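Report on the following structure.
Which chain is which? They are A, B, C, D and E, in the order written, and residues in each are numbered from 1.
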Amino acid sequence: MVDQTARESRQVVARAVAEPQAKGEGIPLRIVGVHKTFADRDRRIPALQPIDLEVGAGEFVCLLGPSGCGKSTLLSIVAGLEPASGGSVWAGEREVRGTDTDRVLLFQEAALFPWLDVQHNVEFGLRQAGMPRAERAAVARRFIDLVHLGGFERSYVHQLSGGMRQRVALARALAINPAVLLMDEPFGALDALTRDRLQAELEAIWAATRKTILFVTHNVREAVALGDRVLVFSPRPGRIVREFRIRLPRPRRLEDHALVDQAAEILAVLHAAAEMEGGRHGR
Amino acid sequence: MVDQTARESRQVVARAVAEPQAKGEGIPLRIVGVHKTFADRDRRIPALQPIDLEVGAGEFVCLLGPSGCGKSTLLSIVAGLEPASGGSVWAGEREVRGTDTDRVLLFQEAALFPWLDVQHNVEFGLRQAGMPRAERAAVARRFIDLVHLGGFERSYVHQLSGGMRQRVALARALAINPAVLLMDEPFGALDALTRDRLQAELEAIWAATRKTILFVTHNVREAVALGDRVLVFSPRPGRIVREFRIRLPRPRRLEDHALVDQAAEILAVLHAAAEMEGGRHGR
Amino acid sequence: GRGAPAAPGPDGSITLRLAFFPNLTHAVALVGSARGTFQEALGPNVTLDLKTFNAGPALIEALFAGEIDIGYVGPNPAINGYVRSNGQALRIIAGACSGGASLIVRPDAGIASPADLAGKTFATPQFGGTQDVAMRHLLRAHGLKTADQGGTVTVLPTQNPEILTLFQQGAIDGAWVPEPWATRLIQEAGGKVFIDERSQWPDGSFVTTHVIVSTAFLNARPDLVEAFLRGHVATVRDIQEDPEAARSLVNQEIERLTSVPLPSQVLDQALTTLAFTYDPLASTLFVMAGHAFELGFLGDEQPDLSGIYDLGPLNAVLAEEGLDPIALP
Amino acid sequence: MAAEILRNRPRAAGPSRAALLPWVRRLGFYLALLALWEGVARAGFWPPWILPGPLTVIETLVEGVQRGTFVTGAVVSLRRLAIGYGISLALGLVLGLLIGRIKVLDETLGSLVLGLQALPSVCWLPLAILWFGLNERAIIFVVVLGALFSIILGVQAGVKNTPPLYLKAARNLGARGPAVYTQVVLPAALPAILSGLKQGWSFAWRSLMAGELLYFTLSLGNLLQIGRDLNDAAQVMAVMLLIVIIGVCIDQILFAPFERRVRERWGLA
Amino acid sequence: MAAEILRNRPRAAGPSRAALLPWVRRLGFYLALLALWEGVARAGFWPPWILPGPLTVIETLVEGVQRGTFVTGAVVSLRRLAIGYGISLALGLVLGLLIGRIKVLDETLGSLVLGLQALPSVCWLPLAILWFGLNERAIIFVVVLGALFSIILGVQAGVKNTPPLYLKAARNLGARGPAVYTQVVLPAALPAILSGLKQGWSFAWRSLMAGELLYFTLSLGNLLQIGRDLNDAAQVMAVMLLIVIIGVCIDQILFAPFERRVRERWGLA
């Protein structure tokens, strides 16, 4: 059934990414000694220990880690939205000094604009890029269809369910077709079926455009199903404790035994890391 | 490992619910022909088809359904936060006409108060109930520890990660010890380990107090692991298409073959329902 | 053309900006402009631009800013304008009105003689204004002290409309006010005249309104100033000759400008206390300034007002008309 | 899926009963207020020349309207108000945005705003004459200075209170330069800004009443002043009534529907 | 876990360099403004009696302070302002909350607010005398009526713009009656309300200046009026300067830190 879904959706994708897209093709990411400590009036909260990471152009890397370990923080830093406390991030040839539409972050909390309806939320990035009105309306519609929200173009954010908001955010980020997608639990609020379908769409888009993708999830099997590599983080302050290269052939099926076993192994590492760190800090 | 975690956490729970708690024990829920249509200036969006549902006192019922099918809407109606377009809800002997602390909704979007720190967010409900300052501080601390957020009592909402916010909301709802817990994807933003632990805590609390729980989730195995019954909703406008009584013995293990099989069966129904409805509406 | 008189236009035309208030004591300005006497005197090349104001300080302000050439104004603002600008901004060139201020008391306040003023409360329209000074001078002359000096009499500078309300309410025992307020206190609040200010001055005349000119304009176009004064003197004489015609014209103008006419009984009564004259009554101005200074209103040094008058143009006009010239004291 | 979103909800022909109800309540309220006022006035605690009843006041108002003075005055005043408010709006939005977003401006200019806003409008009269002379522009200048700081304050506060998430999202999606202001900061702050605009509107009115005393022309400010000068309570109150009526109308016509629409979009209703 | 949240961040002894920088900028800005003013004044476009330079004005201010009149006047005025503003604050918060939350009140009372707020303060003078006579209370009444509607408007807007989710959450957690207002509506609207309070503060000042003309006592309003009556530009500007200085100080001492704290908590900074 999943396969069927995947096939179906690949057609939608084919339409969605049909135009020739010079940009949108992946670029390599290099993260060198990036660490982060939040400071307020009277305390310092270390969120990330120094992270070193190289992501190849067109690579799909999944991040796993306990709640509050700094995954979102890392994505924000790579997106150029949050300054690191130290270290540097390189996207392609250039050092990251701020945001750029070649790197787009899909926020954990949808972050839709409440003053715009679904259609205009999705169009927002296209409008910034200077795309003509008619064209961006068409592109937006394609991506709204892609996330199964046809018919809700005129709805405002407060009229959508949690999962629908997440899908609008997904459409908004995909529409601008960036070289690097930084996705923070993009499917967290979706039911299994929609999730499967959108995973398939994402894989198809990725296969077609070879984007570089950093993908945060709490679903270990999702990570294994999608990623070329899976990185496991320690509890806060996060650091990369293990790295798994997933060599399973694509398309992957969530029910595959090899995939389930791989997921189980990673889960064990995740648990072990958490226990260890928990112990270290006296829990 | 899960068992070990569950055992550990049961101790925390034992402390958390040690006080004699006259209230907090489950009451039955009766939902009779509840339906909902949202109307704005120029359209009507049917969100729920008439729902009939009886939930026994102390029963743990999980709701599964596609994104946007009306699960949150139903919970809101049961909580008394949103009026139904028709039908009635009965909690215990009384008809639901508004909110009451015997029914507490755990919102899909945390809904923490940004002007209060974690400690005071968790204390909020207790304060409304007139609990003395010292006592409520103690209760709040217990529940903050329960969700593994010790040390973050003085943090404000914007200083927390997505998963941490969800856990604060959980602590806040559990602290007031209601008879009915209406939980809307409470563990959606949590990593596997934390999720396992909190599932165990929740089961322990439920076992100790026999609360009535309505639990929305997109994780089919979670539903099977926790529920006495699992209800499957059709796509919007939602109706209950199938009902599964889960007779697996407790404590249940997510890796149990019986559980996995049961989950697979439910998933299939979920997919079938979605496909069918999708077809019906011309998708 | 700010800060300087308007320059002549290409066709040699020039604008004279004349300011006054739409009220009784400015009757000369109202009549002179309404009848066209001013325009006639100035000739066809001069456009007369009329500006109406509510209060003297605002008029002086506009004159300072170079927006006014000639204005009708009371003695206090004129003195202030002169002193503030170190004698540079303006000159008084003629008189316009005399009289028209009284101390009105409530009949039940038991005020029969100046000694009865002790322990009472009186209102005046403006702290340090003409009536305020007169009130305080009166008290001082009778050995009474105000509350702020440790005495028993309260002098309460308040705005005219409030004075009427307070008087009606019985919250004050009396008020030293100009016309038409004095008349309204009598007619609408049952007050009676305790002192008509005319009684305080020799000949019963004291300056209420006079004509000022901005020094810059006077220096630039003395001819126009003289021409204007020709119209002014003619208007004063018209009013003196036919007060009845002037009376209705004045009220008509007030109604035209403010949309509300004065009630005729107020008008009639008020006019009996006023006199219109081109004599600036210079000596009374100096006496007033002296009183104000004694009461501490004009600063630490006695201001030098010796140059405030320039009666050259007026006397030239009077000579033309065969009238007696006016000398400064 | 789209098919179910029914767009054929029957629209009542003409305003529905439910939509009329607020107006009925409002009318009742205003009538009750007038009755109360008439009652107090008739009770005779105060003589009628001090506290005229609403009938007298309305009569004066009607008379004034018939004679045309109130109409002319209102038209003149509203014209000045519209121009002055329009200018403050444009300036205030720009300055408010800049001060709200640029730290150095906030620390310097921004720190002055509350001080300047406290100055009564009469303070600006001398400057107005100096810079513009005795004319419309001077009065409008006073109106602008009366409302400007208030609008700046409102916009600035709205901008500062905007959740930073929206800005991050916008930057992330490629918004740069002026687009950030017009397409994100402004609409995000709009609900809050609207209240600042209403405050500015009131300041504009009050400043206009002061500014119109600069010199004498037929206008509401001068009608009010004449009423005061003549101690004509009925005229004063008639002008007050007119101002209140205009205020209520502007609120109902201009601000309220706009606010309602914004709130509906945001789901704040 | 808690152990890592280090609380021992070294606190600089005394204000740090970074904390001083805004003050340096501010000082520089004000000095530049004064220099500009002095430059314009000296350039001689206008005679000094209409546009005195800052040196003259400051001299007047210092003299006034030395003679004590400015100090006494400021104290008297600030006292009235504090009382009047305090009363409007209390009333405005309550009324604003109620109007913001209760539909019927909004439709009736609420619809009047913008109309009443537009009325200049002088309109209230007759009523003030009628009700209170010539005394402090009358002046304070004028201040209250000047600021009240503005505060109501601010609070009401803040309340209406509060995301309904917070209210739902509060009701859901058992908040009832006044607790909903004091513990949820008010704090949730606080960032927006603060800007309304600042607007109210300015209205209070301006109304005070009008109210103090009710009768003569030594006060800033009368010092300003005397300055105007005497065409003493230096005195007028000295009083204006004093008002601006007080305004800036109040903003920096009262409002700014409060706002900063609120924004910090909410993560708006």
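Going forward, a residue touches a chain if its C-beta (ideal position, glycine included) is under 8 Å from a C-beta of that chain, and two chains touch if they have at least 3 such contacts.
As the structure is a prediction and not an experimental result, all values here were calculated from the model.
Set against the C-alpha centre of chain A, every other chain centre is closer than that of C.
Taking each chain's centre as the mean of its C-alpha atoms, the one that lies farthest from the centre of chain B is C.
For the touching copies chain A and chain B, the fraction of interface residue numbers used by both exceeds half; the interface is of the same-residue type.
Which two chains touch most often is answered by the contact tally, and the pair is D-E. Taking each chain's centre as the average of its CA atoms, chain A and chain C sit 82 Å apart. As a whole-number value, the distance joining the C-alpha centres of chain D and chain E reads 19 Å.
If each chain is reduced to the centroid of its CA atoms, chain A and chain B end up 27 Å from each other.
Look at where the CA atoms of chain C average out and do the same for chain D: the two points lie 39 Å apart.
Among the residues of chain D, those in touch with two or more other chains are 1, 3-5, 50, 126, 130, 228, 266-267. The multi-chain contact residues of chain C, meaning those touching 2 or more other chains, are 61, 65, 159, 161, 165, 169.
In chain B, 40, 43, 45, 109, 148, 159, 283 are the positions where the chain touches two or more neighbouring chains simultaneously.
Within the complex, the chain D residues that touch chain C are 47, 49-50, 64, 67, 69, 73, 125-126, 129-130, 133-134, 213-218, 222-223, 225-232, 235.
Within the complex formed with chain B, the residues of chain A that make contact are 1, 38, 40, 43, 45, 64-68, 72, 108-109, 148, 154, 159-164, 167, 185, 188-195, 218-220, 267-268, 270-271, 274, 283. Chain C meets chain D in the complex at residues 2, 22, 51-54, 58, 61-62, 65, 67-68, 159-161, 164-165, 168-169, 184, 188, 257-260. Contact residues on chain B toward chain E in their complex (touch as defined above): 79, 81, 98-101, 104-105, 107, 109, 111-116, 124-125, 127-129, 148, 150-152, 156-159, 172-173, 176.
Across the complex, chain D meets chain A through its residues 1-5, 165-166, 168-176, 179, 183-184, 187-188, 190, 262, 265-267.
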